[in-house]
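Multiple structures follow.
Both of the next two complexes hold subunit A, though its partner changes from subunit B to subunit C.
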Partner chain A sequence: MNFLKNSTMKLLGLALFLAIACASVYAQSGRIETSGIDHLASRASETVDINMDERLLQMSARLLSTQDQDEARVRELISGLKGIYVKSFSFDHENEYAETDVEAIRSQLRAPGWTRFLGVHSRHDGENVEVYVMMENNLIVGLAILDFEPKEFTVVNIVGPVDLERLSRIEGQFGVPDFDLVRETTPTRRNE
Partner chain B sequence: MSSKNFIKILLLLALLQMFQAGVAAQSGEYNSVVKLVENFYHVKHKGLPLLARVGMRIARPDEVKSFKLATFEDQDFSPAGQTDFYTAMKRTLSSEWRPLVQVRSRQDGEQTYVFTRDAGEWLSVLVITIERRDATVLQVEVAPQALVKWIQNPEQMSRSLINDATSDSEQ
Partner chain C sequence: MSDYLWDKSGEVDPEIEQLEELLGTLSHKPHAATLPDSLLSQVGARAFTHWSEWAAAAVLILMGLAGLWIGSERLDARAQIPSLATQEIAVAPVETGHISETAREVRREAHSHNRSNNEIASGRPFRRRPLFNLYSNQNSAQARSQTNVPQSANQDAVSQTPMSVEEIAEARRARDELILALQVASAKLNHAQHRAQSLTSTNPGLNP
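After this line comes the complex of A and B, so read on.
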């Protein structure tokens, strides 16, 4: 009986250790875990899920020419990136996702290393955009964008060195929606 | 027969067996996905006639090889159970296949799934598109140059590849 109790305790301890280790690996890498909102797919009228891992991105970067202007531009854009992940849900009606779903993502962005960089709230169309960056030695190593509207919920996670200038060039391609974030950060727009 | 020759023949047979198993495993998963679509939606796929396959071999661009295509025309693909279908598909494919794109629209009844797998210098791409009345399963190996176009616009590229493949096969 004691043996069983000891083994169970050991297994529980191991499971806890693994869970903490996995969470800290995610936190350190700039990657966020989005499987917690996968259940929204059954309620969404449209679901988009894009996963570009480091292998795919760097394989492409390696093969691009440095001579050709267009290829060199894309090469520069994706070199060093470790992943681009997009998950987006559109709904027919409002209130199809809960605050807990947003919180499932947001809570990870309160971990050490992550900083809220930008928050835009539009009372007019109910759109909320939050941008978080993960810093390491004064360098951005991860970026997360949460875009939640009454009938839409999108999470973008870019892992690797990325700044706003680079982001503005990535937007609209590689499966990343065009948030027009550079324009959002200019002082002419005041929605808050 | 000398024992040396016997061992050589045995080795050769073993190599041949391994090669055949590899080829079977590669087309096996494609066939399993086609079978899954058939069983899930109770539909039947249309194979490509030999002439169309020859035509596609000639017409396809240099960036694409090993074309495998199954089309399902004018049959009922009810949009219900889209998430169950995706779950079943992930169970059917080995972990070597990594999901790249997943788009599901309940309103239009459209589903697009793209999976990739390493194939040496090339990349194997499996594209599954399902609409209300039609579906397509396509497996191709794409060259590195084409890969860049894929990742820049994965959703659009998948659709255009399917469109090219199906229009080539119809000609």
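After this line comes the complex of A and C, so read on.
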């Protein structure tokens, strides 16, 4: 009986270890799992769901010009990236997502390697903006931006070495005057 | 020493014979040992404990199969790239400042087809920047006419390496989504920075 118990416990322990190892490898890659919030799409009035892996990034880079200034900047920015994942849900009414949905994302960012770079919580308008980075040898190898507003739920995850300064300059380029997901704009940084 | 004790020869020693009879009951018997009834009743419960073993084994097997499946999917995806590259299209030579309308139509059609398929698959329309393609095409066309560049940079990129129609369509869709994703990321990052800056300006003592 002891042998049976021991062998069962060993097997379960091994399975648990493998599961944790798989999860930690996933977490260490800078990628966060967002499939847990897919159900919000059924309640959202507008949805942005972009999953770009390394292959798609390389493929799109082939069509980016080296002569056009804007596209050249994007080309530089995405070189070395392993993936860009965006999920953004806009709702007609408030309270369409639960705290568990937020926790499903936040809990992953408490894993070793992730650091909260910036966090703004406004009780006044109910907005929470958080920026997390994963560092490796003083280099950002993962970025996660969470924006939880009463009528919006956005998760951005960039995997790979990303230059935050360059990324912040992308907004407002490509002849698009404004991006309506953001209420406040940055006129000084536009069209640099 | 008595020979009987050594090899059972010679005169029989009665004491040794008596000891042999007494201890003979404990000698080796060539048949399987039987478990006592108390232990047998406990073994009956073993079948009930089996489920946990089977569950653990099943988890391990499933994890192994999942690993194999993921690995094979990646290999398949990699294998598809060279097969796509073999489906080359013949691009007719274009005159300076002009792009083959036929090729452009084919790509546009493939592009819209892919996009609508994705929208159907997701169940909701993707939110995209309006008229981005038209905008960028107009910009590049203007730049071309002003600088007398024979082809747009995109066309250069396309013509440098042979791409199939499907690849071009997929690359265009990927480029559009990449631009959109980067704009969302950039906007959100700037938004977060502004919120933090506005917080520190209104509360100088805070350090978010």
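Annotations for the structure displayed:
Criterion: the second predicted complex is superposed on the first by the 130 of 192 C-alpha atoms of A that agree within 3 Å, B and C clash if a C-alpha of one lies under 4 Å from a C-alpha of the other, contacts with A are read in each partner's own complex, and residues count from 1 in each chain.
By our rule, contacts are C-beta pairs under 8 Å (C-beta built on N, C-alpha and C of every residue); 3 or more make two chains touch, one makes a residue touch a chain.
Note that the structure is a prediction, hence the values are computed from the model and not measured.
When the two complexes are overlaid on their common chain A, residue A:56 makes contact with subunit B and with subunit C alike. When the shared chain is aligned, subunit C comes close enough to touch A:68, but subunit B does not. After overlaying the two complexes on the shared chain, residue contacts for A:158 are found with subunit C alone; subunit B is out of touch. When the shared chain is aligned, no partner comes close enough to touch A:98: not subunit B, not subunit C. More residues of subunit A are touched by C (comparison of subunit B with subunit C).
By the touch criterion defined above, A:139 lies against neither subunit B nor subunit C after alignment on the C-alpha atoms of chain A. In the superposition on chain A, the residues of subunit A contacted by subunit B and by subunit C overlap at 41, 44, 46-50, 52, 55-57, 59-60, 63-64, 71, 74, 78, 173-175.
On the subunit A side of its complex with subunit C, the touching residues are 1, 4-5, 7-8, 11-12, 14-15, 18-19, 22, 41, 44, 46-50, 52, 55-57, 59-60, 62-68, 71, 74, 77-78, 84-86, 88, 118-120, 122, 127, 129-131, 143, 145, 147, 154, 156, 158, 164, 167-171, 173-176, 179, 181-184, 186, 189.
Across the interface of their complex, subunit B is touched by residues 41-42, 44-53, 55-57, 59-60, 63-64, 71, 74, 78, 92, 173-175 of subunit A.
Touching subunit A in their complex are the following residues of subunit C: 42, 46, 49, 52-53, 56-57, 59-60, 63, 77, 81, 122-124, 126-127, 129, 132, 135-136, 139-140, 143, 149, 152-154, 156-158, 161, 163, 167-168, 170-172, 174-175, 177-196, 199, 208.
Residues 82-83, 98-107, 116, 118, 123, 144-145, 147-148, 151-155 of subunit B touch subunit A in their complex.
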